[in-house]
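Note that chain A is present in both complexes that follow, paired respectively with chain B and with chain C.
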Partner chain A sequence: MSEKRALVVDDHGINRNFIKSYLVSKGFEVQTAENGLEAQKIAEQEDFVLIFSDIEMPVMNGLEFLASIKKNPAKANIPVVMLSTVDKPEIIDRAKKIGAAHYMIKPFTADKMDETLQTLGF
Partner chain B sequence: MSFSDDEHTADLLEQLEGVEAGLMDYDASLAEGKPDPALVHIIFRHAHNLKSRLSMAGLEGASSLIHTVEERFDNIRSGGGQANRELIDASFTAVDRIRNAVQTGEDCTENNDLIRQLASEAAPAKDAFTAIPFDLEPEWKAALTAPDRETYVFRIEKAVTTDIDKATYESLPIFDTVKEIGRIIAVYPPHEKLNRSREEDLLHILFTTEKTEDDLFFVIFDTLIPLDIERSAKPARESSPIDVAPRPSVQRDIPEDLRALIVEDDFVTRHLEVNILRQYARSQVAVSAPEAREAFRLALEENDPYDLIILDMLLPEGSGSEVLSAIRAMEDDADIRGLDRCKVVIVSNVKDMETVRSTFRDQADAYLVKPVDREEVEKTLKRLGMIH
Partner chain C sequence: MSDTDTGKPLDMQRIAKTVDGSEDLFRMLIEHLVTDDRDAASSLAGALEKGDMESVRREAHRLKSALKSLAADKAAQSALALEEAATDGNTGTASVLVDNLVEQIDLIGTFYQSGGWKQDFAQQEDTYDE
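Up next, the complex of A and B:
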C-alpha cells in the first residue's frame, strides 16, 4: 500500500540488499534490478519516486540507464542517485550533467543514506 | 544494516578469486600473443567491487592496494592498450597480500614498493587495430586507416553477462544509440560466440561517425576507444583534398578501357568502392550531386565518357535521382542511346531499396544495398558484362 516506491539497481547482491533493507526500514516499497537494461524495462512499466543506481554494471551501465531515464519525458523527473566507488570529480560531474540528483561514494553508511534522503526531501 | 562477518568474508574472497582468475586467464592470453580485452574488464570490475568491500571491512591498506590495481586496469580498459608482465606479476602479489589480510584480519602495510611496481607504465597497443579481437574485411580496414578519412572511427567495448538471451543481446539499446550518431561497421561476437566459460564477455561495436570523442561524452557511456590514424602503426601519408573530385592516378595494372565515376558522400563507403573497383576501372569520385553532374558533363565534353557510375541515393545538394535524370538527359542530348548509355548502379539502404527499384526501373541498370561488399559489386559488374 506504500506510496513511496523506489528502484534499486546494482549487479552486486550485497549492495542491492543493503540499500533495499535500508529503504524498506524507511517505509519504501522497493523493486530491484541487476543492471540498467532490466531497470529500464521495470521503470517503463512502473512508477517510482526514487531510483538508486550503481554505475559499473554489465549489459547497461548506470550512466546509460540514467541518460535513458532523463530522455524519457514521463520519467525525467524521478530523482536518480548514482552510486560508485569512483570519487573522481570528472565522473561525478558527468553523472550530474546527465541529470543525477545525487552521487554517493561507496562504501557508505546508513547515516549517509539518511543525509541523501533528507537532501532529496524524503 | 549489517551483514554477518562470514558473509562479508565469503564475498571478499569471491571477488578476490575473480581478480585472480582474470589475471591468470589474461596472463595465458598474453602468452599466446592475443591479450583478451574482455579479461581487462573482468579484472577491473572485480577489483572495483573489492575496493569498497575491503574498505568496509576496515582493511584500508588492502583497499588502497586493490585500488591501484583497479586504476591500472581501468586505464588499460579505456585506452585500448594491454597490460605488461610487470603489472600482472605485481597484481598477483597484491592479490596474495590481500588474501592474507582478509584471512588473518591483519591489514597489509608497507605497500609502497608494490604500489610503485603496479604503477609502472602499461604497454600501449602497437596499433589500435591489433586490439580488435576479430577479423575485419580488408576493404574496411583499408578504408578505416586511410589518412584522409572524414569520419572518426571508434570501437565500443561493452561488458555483457554471457547468460544474456539472443533477442536481448541483438537488440541492446546501444545499437540504436550508435545508429543515431553514425554507422556500424562491425559487431563482435555474435551471440553464439560469447565466451560462456565466463560470467562476462565483451561486446565490440566498431562504428564511424562525424562526432568527436568530446561530442560523444554524453552519448556513449561504455568504454569508447578512438581508432585514430595517429595511433596506427602505419606512417601517415600525405592527404589529398577530397572536396574536389581528384584526377585519377592511373597505374599500369588498371585497365584503360573502363572508366568509372563513384558518387558517394560517405567517406568509408566511397573508399571501399574505390578499392573494389581499383583492379577493374579507372575511377574518379564525386561527393555531391552538382559535382557528379559536372564530372559527367566534362567527361562527355572531353569525349571520354564514363562506362560505369556507382551512384549513392542520398547526396549533399541534391539527390541521386536528380543526378540520374540529369545524366540520362545529357546522354539523350548527345544522342547516346541503348547499350551505349553509361551503366548506372544505384546504391541505397535496405529501407529505401524497394522505392528506388520501382522508381528507377527504366533509368538504372543495377542496385546494391549498403553496406557494399566486394562480392556483390563483382557479381553485379559481371552481370552487366563489364568484367569477366
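Up next, the complex of A and C:
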C-alpha cells in the first residue's frame, strides 16, 4: 500500500476526478468524498498525509470540515488545501485562521498542483 | 489566441495542459459533463418552477466550478450569470439562463462527439515534445 494517502473532497465529480488523477500520477493513493460530513467520517477512520477540500459544498461545507480536522489532535497536523472559485480575501483569511495550509483558486492546472505539492513539501 | 476566440466551446490549449495531455482523463471529464451535468442543468427548470432559488444557486455554483476546470469559459460565464440571478431571486432571468447553460453544454457535447478536439491534443503533444 502507498504511504502517501490523500483525501479529496469536492461536490463535483469532474473536480474530484481531476485532482485524484493528478495525485495518483504523483504516487498518492487517493480516497474521495462528496461533502464535508462524508469526508469527516472517512478522516476519522483512515490516515492521510494530505487533504484537498472544496469550500462550498452541501451538508457540511469545507470550512466546517477544516475546523473539525483541526480540533482533532490526532488529525490536526494533516495539511489541508482549500479549493474555491472565490478569491475573496475574507474567505482566504478565515480559512487560514482555521488552519488551512494552502488556498487554491479554481480552475485547477497541473502547474498550480505542482506548486502546491512543492510548497507543502511533497 | 485562445480556442474560445476561434469559436470552440473549450480552450483546448488550456484543458490539454490541465489534463497533462491525457486523452483518457479528458474523455472521462467531458463525458461526466455531457451526461450527469447536462441532466443536472436541465433539471434546474423544475427547481425554478418550485421557486427553489437556493437549489438553483447552489447547482449553478457547482457547475461553474466544473466548467472552469474544463476551460469551458463561455459555459462557465453562463453558470455564473445563473448563480447571480438565483442569488438575486430573479426568476425570469434565471429561466432564460438555464436554457442558455444547457445549450452551452450541448455545444460542448457536439464538439466532443465531432472528434475535432483530437487534433488539438495531437498538436499539444507536439508542443510537449519540442
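The rule we apply is simple: the second predicted complex is superposed on the first by the 122 of 122 C-alpha atoms of A that agree within 3 Å, B and C clash if a C-alpha of one lies under 4 Å from a C-alpha of the other, contacts with A are read in each partner's own complex, and residues count from 1 in each chain.
Everything that follows uses one rule, which is that contacts are C-beta pairs under 8 Å (C-beta built on N, C-alpha and C of every residue); 3 or more make two chains touch, one makes a residue touch a chain.
All figures in this text were calculated on a predicted structure; none of them were measured in a lab.
Enquirer: Following superposition onto chain A, is the placement of chain B relative to chain C best described as a clash or a fit?
Expert: clash
Enquirer: Taking the superposition on A as described, I'd like to know which of chain B and chain C A:Gln40 touches: first, second, both or neither.
Expert: first
Enquirer: Just to be sure I read the superposition right, which of the two partners does A:Ala67 touch: chain B = first, chain C = second, or both, or neither?
Expert: First partner only.
Enquirer: In the overlaid three-chain picture, which partner chain does A:Phe18 touch, first (chain B) or second (chain C), both, or neither?
Expert: The answer is both, since A:Phe18 touches chain B and chain C.
Enquirer: Which of the two partners, first being chain B and second being chain C, lies in contact with A:Val59: first, second, both, or neither?
Expert: A:Val59 contacts chain B only, not chain C.
Enquirer: Mind working out whether A:Lys106 is in touch with chain B, chain C, both or neither, as first, second, both or neither?
Expert: In the superposition, A:Lys106 contacts both chain B and chain C.
Enquirer: Residues of chain A that sit at the chain B interface in one complex and at the chain C interface in the other, please.
Expert: Residues 12, 14, 17-18, 21-22, 56, 58, 85, 106-107, 110, which sit in both footprints.
Enquirer: Over in the complex, which chain B residues touch chain A? Could you list them?
Expert: 1, 3, 7-8, 11, 45, 48-49, 51-53, 55-56, 158-161, 164, 168, 172-174, 200, 217-218, 221-222
Enquirer: Which residues, counting only chain A, touch chain B once they are in their complex?
Expert: Per the stated touch rule, the residues are 12, 14, 17-18, 21-22, 35, 37, 40, 56, 58-61, 63-64, 67-68, 85-86, 94, 97-98, 106-107, 110.
Enquirer: Residue numbers of chain C touching chain A in their complex, please.
Expert: Going by the criterion above, the answer is residues 14, 17-20, 22, 25, 28-29, 32-33, 36-37, 58, 61-66, 68-71.
Enquirer: Using the touch definition up top, name the residues of chain A that touch chain C in the complex.
Expert: Contacts found on chain A: 10-15, 17-18, 21-22, 25, 54, 56, 58, 85, 106-111.
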